[in-house]
Every structure is written in structure tokens, then in C-alpha cells.
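Right, one structure below, let's go through it.
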């Protein structure tokens, strides 16, 4: 899965000349936390986040009520946005895990996705990453969620797929995780529709050295 | 595109040919006896007949047309037996006809029944000596004939011992002379070789008098054209993109007023304002020398202004209409919806298409400009082509009218061709058809 | 993971609960100022479009579909303005937005494609210049870089030879290619919203199918929100997820596409679906029900429900109170299916019966078929051809020494038409179907072959035909706006052929006969003194039919008589033609590009391609295997107004070859998708003229592929 | 709603000729421009008609002091021969708009001014040529257009001068000159209209009825071209008046004794240093009449295109 497959395309964009209050309104109306700031042609010049919009007390301390409201009305997006040069971005043909690592390394919640012209083609947010994760494990589809624990060596996964193939089952989602408390083992999570728990357990328990550790129909 | 161009060129030639036929027959055949005008109403029929013969008007119309168009020196040469050539007179600078007799340029004259040969000397003078007796040839009826060139530029047939009485128009009036030739062929090279013949009014070659007039007119019309075109196109475009707004109204109504007012009315008003009330500009264009136009450019200010007023309105209206149409078109809509800035929409997308229609019409409109030139020149006494045609037409000097009219028609057709070319260039649908 | 079964794309499966629509139109009303007051062209229209979704707006002409589109890009002309309501694009209000900001959005985040690509492209600019400026202006990148992007995008829309196309002018490429350029241009900046206003209406059916495929593909790839406007239910069914039906400036019904076709709830939607023929339906087994009346002009709309004057279920409340667009049915679907009708729940389209005064032809199919079979042949063509000489553009050609070239518009067409039957002729533009009937009627002199009508030779042109033959051959024309002379009244125009062919002896008799003819086409005598500009399109077409019938012709040639009409009127005119045929026993030749209409209306059908007949036979035989590969391609391209129907996906490649030098052998071999069924990839097709294979009685196929193979093709459409 | 009853056999709402005529005329008043233009033209028609019966003084009587400025006796002043300018101006309308003097000593006048007859003949000739060229196409078109091209190639004033040089002065010569210079333009217009109209289906319908070419030209095509032709005719009357004025100014227009506006300008400009009024009035007269016709034509054209939409 690449960034282009999980990003949100056509994000809402704003212009640097907008007032901060308009940006604020747009964010709250659309329930979003990030707004890429672009010039004509969707060229990225910055990013506005909810945090950026919240007031810094030390700035306001010296102002009276009238001055505050004037200050707020005059405040432009370009004054408060994160500037392009300090923004972390990603290209749409990078892998989704690379995007995820960029986000976690930089401790940010949003990556603008840009093309060769530095034009915004989408954004990747924490929500997008978590949605990719859900889809990977087959969340949108009804079926049984099965967790199989297997030793970490070549050929183990093939055993599992052989059984599935023999039975003619369809796999709607799959993911493998190193088993945290059992070094040397992997947990494979499968989503299989139109099967009953009994037949799954019966079939999969025949596989040597593998163990069905969890079967559930409701996630 | 080659096809389109070739068509225009062929069509242009046919058009010129048709025009020449129409013009010639309308004027020379349609109009009455020109000799009445030249010799006056009190001349006798005999005098007129003699004069007609001298002008070659007794020949059949088709032959006169051919002579007029392609000349008759080659025809006359077959009678004389000598090649006929022209040589400039060193004093007047006008071309004279000579026969090339074995390398010597010769003309003949008959005095008291005696034929003399004039041979041209290198200094321009001529040496007169009696002609050799053996030049006479025996004609069908046994008379002795000689075809030669006389001193007035005619190929003539003399009969020995039987000179015709001829009427000659001199400054003092009509005078009869004896010893005249039997037949005249007034030599000319023909229109296609740029010799439209002699003026009936002044007896000088038309080409000589026409040239300075054409030059003056070209300056007048050229200046007017240069003033009008950019201004009119600009105004038209401005009005067109502001359709319905006040600036459009002002331009449209002013243009309409200017176009609908005849040149002579505009001219008179301009004279009134600038010449009489404000006294800024001369009210008439009096040319004291042939170069007056260069010495005092103010002379053409009012004529140019008059022409401009009329043309400006017309071209601006055409451009406006075309611009309005283009701005309403789907591809302009596309350009706007593509988010092009307005200036780019107008300049890159609209103007080129909007100018296509007016350019052909503007080029056709050169006719109109020439018409305006006639009026303006008459009004201001400007010595140009228009006044020349006017004067010649009033007199009935058809050689002059034909020449001048052919010239205007040629200019008109040539500009139309240029318009076609410009259209082809601007319109890729034709260019790449 | 080939084992993965059908899985919907994320946007169709789970829409994120917090997702905001790309475009949201709220209670939009658009008014145009006219000389006396103003007219509300669009009233209270609401809809929203999400990412990757295609929202279709359907309705007849004059319903305000395009006005909605123009109001989004704020291009309503000098006299139009948004009177009420909001248009939100990505959360920002577009109404009253600063013009400079709007300009930045247009072409960058909002793009538009509309009907006639030839008109939409600047005729005097190279295509490359027109495309590249979108990038150079909005993104400020260099021209050479922009050119590279343009070529990539042209490749993306499957434009052959994109580099070359960049240097061309619009008139140098075909209509389908122009539309590809326009679409590529719209997509260059990766817009969030793409507005398409009848993007395929001007295109041929196979080209249309390819463009629709492209639109669908691009929507999924770019996740663009599409507002798709069309009058054609079939097209909407193919490319849209959700549909809004517009009538008289209002949105009368809004629902997912499957829902709208399976469960139409507004009487207008029901009427629309009833009045288009299904592909495969014919006149003996099914009936078209027109909607009575016509779309009112924007300034003459009724005060209550806009549809009330044409509605079969009208109640007092409909006239008095304007219904609101309200959710229909249970709460679960509330968001999805809305309708603007007071009584939507009570109306059962299944129980609908045609009102008594509706014009429905009463035909007895079997009896007619029997009659036709026994009838004599009225028109017999044998190798009829029409070639036009063309002069080339080179100097050689002008001097007359170049090679003489001919456009083979009609090239050896043979068929017989029995008395009283209808032969439909289908084919795409340029296939020669119009030239064929022009040659038959004598507007063109034929260049070769035989043609006999009532046993008389008719290869000559009109000037050489006797009056008796002329009056037996009449024609019904395509364009209602030009079929009648605007200077004369209806009575004068129908009366003229009566006098011309000495059918009447006195003025009184003429008048009586004209009124009889008017009644025959379901118009009353009050139309006698009307001028064409006082008639609607359908009425004009009726008068055109009456005029053609005035001389009591044996054979009537119909040149696309309904293609310029709105669908509801189309049904009425088709019904009228059938009725007339039943009553007068007239034989008809019927040309149309719409395969469903031809199938519905004709007894037998001829399929033409490049001036030649590819297949001819009884209508039902043409629409099922065995058929000619070209017929198969045509059928698979027809947009079907039924999203549940499965249609084979066969697309033709390349352009129709020039009729100046049609390909040798089989004219279709250059594009034939079935050539590979023959040895050597169909080498024989390019070399030899195919044989006429007799598939059944009266069913002939012009193809090298053996009948048995043709018969094994899967049917194109399975419902 | 029009639920058609097939039994109804009534012919109702037949508009009378007057009504349909009025509905045609009333579109003129829809346009402000056309109305203003019409008023200006009507003014001069009325002045002309009045002058047939009454003018303040005889137009050719030189009974006043020369070169008077406007005053209470001579409202517009007098010219260089002491003639009343108002009277001359009023009478000058006649030859342009109201009467044509036939040659000969009998002094017979026929109704209809020189400008109107000239335009009428140019329409007649132009329409016939244009219809034939446009509808028949091919060889007909080529040759007709070639001849017209030759005619158009003449600058119109040069053509006037040539015609007058050939035929002399006179009302009929001016009519001929206007007709000859105008016909090619009309023919081109009618040809282009014909090319458009002949593609319409109703022409196909007429052809498939086997109608004669003349029927198609004059009964099917011409009536549908009348709107633009009418507009063009208005403009042409304007040009004709323009041309008559110009010819009068050049001294080769309508012959005396009737006063001619162009000639009045020409004569008055010689005394322009003394008396400016004498040149202003006829100049204004020509300009207003021509502008009026142009406005009328413009307004009419706008309304017709709107009407057709």
C-alpha cells in the first residue's frame, strides 16, 4: 500500500491571505485539524493546525479587549502557519509505512502529500493511517477474525495458505505481527467470510506447530 | 491553403479584366462624342471627324480596347516595317515614339507634299532631311503609300501627293493644315505596360501627370490608415469587451455618428472649427510646390482628420461586433473556466479570433477610403488622385479617368488580396485545410 | 490476493462519518433578469457530492440542468444571478466570492467539460498552447515542463500520438479526440470537482462508450467528485452513483442510481423511464407511454407542484401547495432517497395504467408480421452507390491532372423492402445512411447500381422523375426547428402538397383535407392558422409528418425523426408514426442512431458501416447472436437505462477510416475486435471481400467468420 | 393544459391581417434605439410632405439680403444668393425621399425619392442574383460572384463618377448609380442568407415535392430572408442619401432647380468665412437623416435577432 492509496485526496485548501478566523471556522465546520495553505495551482506554502490557532497567552497579555478583537480580525493565515521550509511532506508513491514512520518520528498528525511541482495532491493524517490499518485487517467486511500463532521460520505461512486454498476459503484481510511476549513466534490475523468457527478451528488445528489462539466474529 | 490562395489570385485577375472591360466600354462607348468637349460646341462636324481620326476614335471599339489594354505599337510596327521604340525627350522628360531604322531613331513629317525624315541625334535634337524616295510603296489602288511615325506620337499613313486636310487644335484655336496623313494609329504601350495614353484635356501623357498625384494621395491615405487602424481596433476591442457598459455606449454612439456623417459634412465642420474659429490649421491645402506636403505637414492635418473620423467609426463598429461575438463564444467560456486571468483571455484567446472578420472587411473597405479621398481632396483642394479623377470625370477625359479608375480598382483589389492573405494567416482552419 | 471477492471501493463502502462533501448545494435558486422582470430558472435545488463520487443530474431540455452547473462556476452571464441559497465548495461559499479567488479555483480545483468540444476549443490556437496554459498560469511552471505534463495526461486519456496532437489545431482531430483533449485539459491540475455538462451528447455511440469508460476510470483513479449532467438516462445509469432528476427548475427526486431505476418515486421519473424503449423491446410486445404535455417555459411554471399539469395522479393539494424535497420511506434510507411529491408513498408505479386520452397505438404484432411476409416488394435496391468526386488541395489537382478521387458515401447497397413494413437503418455518423435515403428520394443522383420503386427505376434525381413517383415517396426530417418554413402557417404548409399533386379541387376541400390530416397526427383544427414559431418541437414534427402524408405516399423516409426531441415527446411521435403506418399501410425507411429506438420501431434492420451494409435482417435477429462483429460492438456501446443490466465490454479502436479510400476486403477489418477468431489474425479480412452469409430467412451477415462461430458469441446484454 | 381533443374541428384565434401586421411593426417600438431612429426619419418625411404644400418662402426666390444669420424672418438665415435656407432645406427633402423627376421637358414627377428607388432597384437586382448564386451554386455561383466581385472592386464614388461621366446628370442616372453600386452588396447578403436557408429541412421538403427552382427561390427562401434584407435596405437608404449628398457636394448630383442638400453645402462653403450657418444647416440635415436610418436599422436588427431566438 502506497501513500496514494491511503491518503485523503482533494483536501480542503486555503490561501495564505485568508484571515485566521476564516480558517478557524472552516476547520470547526468540517471537523478537521489541519489545513494545507496553498497559492494558485495548489502549490504548498504552509500548514495550519488547530494548535496554531489557539492563542498564546503571552502575546495577548498586554492587550485590552478591543485590541484583542482587532488583532484577531487582522490576523492572516500566513502569519501563523507553519512555513513550507519547516514542513514535513511526503510523495504519493512512498509506502504507507514510510509515511507512518515520518509521522511518528516527527510527532506530527498530518503529512501533506505533494507532487513534483510541490502542488498538494492530498494529505495523510493519523486517521488515514489507522483506516489503512483497519482495511488491511479486513474491517469493513463481515466474517471471522482468526489469529494463528506460528514459529518465525520459512514455510510456516505456506502451510496455512495451503489449508485455506484446499478449503476454497476467501481471505478478506491479513496481517502479521511479531508476537510480543513470545519471541520467535508470529501472530497472523486473517479475516475469512462465510465460515463457521467450528470448521475453522477444526481445519486450522490440524496444522502442525501452529495454534489458533483467537477466533471472533465481532471485532 | 495553396488552393485558396491560387483561387484568390486567379479570381483577382479575372476581376481586373472584367473591370477593365466594363470601364472601357462604359466610358468610351457609352459616353458621347468627346470631341465636342475638346473642340467646343461650335466646332463643325468635319472638324470633329478629323479630330476623331487623329485620336484613333474611328477604329472599332474592340480594337480600341485591345490597343488601350495591351498597346498598339506592335500592330503599327507591322505596317511601318520598323520596330517602334520610345525615347525620353531630354527637355520635357516625356517619352516620344521613334521608328528604329537600322539603328537610327527616325520620325517623319510632311511639309508641302514633301516627306522629311527626322533622325534623332545623341544630344536629343533631330536632324531633318528629305526622305529617300524609295520609302514609298505601291498600295492596292496604285497610290504611293508610306507608314511612318509622326512627331506627335502617332503611326500614320501618308499618301504621296494627296495629303488630307487636317484640323489641329493649337493654343490659338483650331487651325487647318494640309498634307495630313490618311490614317492615324495613336501609339501607346497599353495599360499592362503602364501606358494609359494621353490626356484628352492636356494632351500630355496621363502617366506623367498621374504619378505625383498618386504619391500625394498615398501619403494622405497612408497617414489616415496608420492613424485609423490601431485606434479603431483598440476602440472596437474596448467597446466589445465592455458590451452594454457606458464606455461601450459612448464608443458605439460616437462611431455611429462619425460613420453616418458624410465626409464633406465632417470636413466642413472641421474647417469651421480648426480653420476658422480656432485658426490652428490651414482650411485648404494649397500646394505651392510639388514637395509642399513634406515642407508643411500641417497641410494634410485636416484632410487626414476628416478621413479618420469616417473610417474610425466604421472599423471600430466592425471590430466591436466581432469582439462581442467572440467574447460570447464557447471557447472564451472555456478559457475563463480554465481560470485564465481576464487580460489573458482577451489578449490571447479573443483578440486574434475577433480580428479575423474585421480584417477582411477592413481590406474591402479600402474602396470606401478611396471614395472618401475623392471628397476630401475636392473639399480641401488637395492635389491627389481623387481630385484628378474628379476633374477628369467632369471634363470627360476618359483616358485619364480610365487610368485613374483602373489604378484605384487595382489598389482596392490588391488590398483585398492582402486581406485574404492576412485572413489565411490568422485562420488555421484555412491554413491547414 | 486473487481470492478476494467483490470488494467495494472505500468511498462506496465506508464513507467516513466525518467526511465533508466536496460540493454542497443548498436551496439554490438562480434567476435571470429579463426585459419584464425576472425568471427563476432554478429553484431550491440541493445536493452534495463527495470525493470520488459521480452525481448525475437528468432531465429534459429547459429544466435548468446547465444553469446549476454554470452557477457553480459563477458564469451566469450578465443577467443571471444566484438569488437564494449557498454553494459550498470544500467548505467555502462560492456565491459572492471575490472574483480573483474564484478565478484561482477555476481550472485548478474546479474544472468543467461541456457539450460540444469543437466549440469549446479555441479554433485559432494549437491544442498544446491551450492545454499548457492551464499549467503555466496556475502553477507557474516552465512551458517545456508543462508540455511534458500535457503529453502525459493525453496518454492517460488514451490519445493516440499525443506529441503530434499538441501541435495541431482543433479542427485537425476528430470529435471524440477533441473531447479527450478537453477532458485531459480539465484533469491537468487534478481538480477536486469536475463538472461535465452533456459531455458525450455530440458523440457517436461507440465513441461515447469509450469516453464514458474513460470518465469512470478517471473518477476512480483521481478520486474526483463529478457533477454529471445529461438528458440520457442510459448514460447516467452507466457512470453515476447517485442521481438527481430535475424538472422545471426543481430537483424532483434524488437517490442512488440503482434505487432510482428500481424504485422511481416521483411521477415524472416514472414517466421518463416508461417513455424510453428498452434495448430489445419491440413494438409488438411493448408500448411506449409518453408524458402528456410539455415542459413549461421558466416564466409559465405553475404555482403548485411544477409537474402537476402533466401528472396522472393530480389532486387538489398539488395545485395549491408546492411540495418540498423530502426523505422517502424508512429512516435508514432517509438520507439517500428524497422526492418532491406530496403522494410519493401512495403512488405505485406497478399499478399505473395509461390514462384514457393517451395516444397509444393499437397494434397487432402477429397479424402485421404475417401480412408483411406475404406483401409484395415495394423498394428494391441492388448495388446502389453514391460517390462524390472530391478535388484535392494540391496544385496538381487544381490543374485537373491529379488522380480523380471519390468519397464512397454509399457503396453497393442492396436490399428489398416489402410493402407495409419498416426497415430501420442504423450506423454511426458518416456511415452513409443519410446519403442512402437522399439518393433513394432523388435529392442526389446515384452513381451506380439499380434501384426500383413500385417497379419504376429511380436511379435518377428528382428533376427527372415523374410527378406520380414523386408523390409516392415522401420524407420526414430530423430537426423540428427547420422542418417547417417559418414564414407560412401550418395550414399553408400542409395544403401545398395537396395542391401540388392535385389532390384537392377547391379551397374548401383543401381546408377540410388539411384539418383531417391534422387530426390524423393528433392536432386539432386550431393549429391551421398557427405559425411554426408558436409550436413546440413535437408539434412541429407532427406537422412535418402530416405534410409528408398529404400526398398519400407509399413510402415514407424518416431521417432521425425523433432524435432532436426530448424523450417524453419522442415516445409520442414514435407512437404516432406507428399509428399512421397501421392506418395507411405506409412503408417506412427509418434512420436513427439510437439502437433501442430502431429496434423498437422497425420490422427489419440494416446496419451500415462506411457506406456498406454489414448486416441486415429481422429486427429481433439483429439484436441476438449470430451477429456481425460491428453490430456486436454497437450493441455493447449503447447506454442502457438500467444499472442492473450486464453488458459486454467491447470497444472499437481507432477512428472510422476515411470514405475517400475505405479499407480493402472487409471495410471493418481495421477495427474489428473479432478478427483474431480467423486464422493469421484475419489476414483474409484485409484481402478478400467477405461473403454474404445467410443466417436465417432474410438475415444476412457480411463477414468472413463462419456462422457457427458468430452464433457462439455471448449475447451482449443480459438483463 | 392542452389535452388534445381530436374531434375539435374549430378554427379559432385567426389573427386578422391588421393584427399580424401590427405585431410585426410593434417590435420596432420594443427597441429604444429603433424608436429614436424611426422618429428622426419620420421627422424628415413629414417635413418633406409639408414642403409639398407649404414652405415659408419660395425656395429659389432670392428676395432677401445675402448671408443672413438666423433671425425672426428667416429662421435659419439666408444663403449667398439671398434665398431662405429653411425653405430650401424643406424642399430638399423631396427629391431624396418623395419624388423622382423624369427626364424630358414635361416635368413629370413620380412618387418615391431617388434614394428609395435606387435602393429598390439594387434590392431587386441583388436579390435575384444572390438567390440564384446561393441556391444553384456551382457554375452559376462562380460566374455571378465573379461579376459582383468586379463591381465591388470599384470604389463607389469612382463608380458614380464613371457612370455620371458616361451618362450625364439626372435623377434617373443617380438612381442607376445607386442601384449599380448597391446591388453587389445586396447580392452578397442574399447569397449568404440563401446558403444558410437552403440547408434547412423545409427546402428539402420542397425539393422532394418536386417544386420548381423559382418556387423554391421566391416562395420558400426569400420570405425567410426578408428580415435581414429589410435591415440592410434601411442601411442602404442611408448610404444612398449619403451618396446623393456627396454627389451634390461634388456638383454632379441631382440637377437643379430643386435644392439639393449636398449642393447647398458645396455652395455655402465658398462663403464659409462670412456665413457659417448656411453650411451648418444642410450638413445637420444630412447627418440626422442618415444617423436616424442607421439607428433604426441597428435597433431593428437587434430586435429581429432577439425575436428569432
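Some observations on this one:
Letters A, B, C and D mark the chains as written, and numbering starts fresh at 1 in each.
Simple rule for what comes next: a residue touches a chain if its C-beta (ideal position, glycine included) is under 8 Å from a C-beta of that chain, and two chains touch if they have at least 3 such contacts.
Model, not experiment: these values are computed from the prediction.
Among the pairs B-C and B-D, the greater number of C-beta contacts is found at B-D.
Taking the mean of all protein Cα atoms as the centre, the chain whose own Cα mean lies nearest is C. Taking each chain's centre as the average of its CA atoms, chain A and chain D sit 80 Å apart. Note: centroid distance chain A to chain B, computed from Cα atoms, is 85 Å. In terms of their C-alpha centroids, the spacing between chain B and chain C amounts to 60 Å.
The mean-CA centres of chain B and chain D are about 30 angstrom from one another, to the nearest whole unit. None of the residues of chain B touches two or more other chains. Contacts with at least two other chains are made by residues 104, 108, 138 of chain C.
Shared contact sites, meaning residues of chain A that touch two or more other chains, are absent.
Per the contact rule defined earlier, chains pair up in contact as A-C, B-C, B-D, C-D. Contact residues of chain D toward chain C in the complex are 1-6, 8-15, 199-202, 204-205, 207-211, 220, 223-224. Listed in rising order, the residues of chain A touching chain C in the complex are 8-10, 12-13, 15, 26, 29-32, 40-43, 115, 117, 119, 121, 127, 131, 135, 140-141, 164-165, 169-172, 174, 193. Touching chain D in their complex are the following residues of chain C: 292-293, 309-310, 357, 441-443, 462, 465, 467, 470, 473-475, 477-479, 482-488, 493, 496-497, 500-501, 515, 519, 522-526, 528-529, 544, 547-548, 551. Contacts from chain D toward chain B in the complex involve residues 146-147, 149-158, 161-167, 238, 242, 245-246, 249-252, 262, 265-266, 269, 272-273, 276, 279-280, 283, 286-287, 290-291, 293-295, 298. On the side of chain C, the complex with chain B involves touching residues 73, 75, 78, 103-108, 111-112, 114, 116, 119-125, 133-134, 137-138, 169, 171-172, 182, 185, 393-395, 397-398.
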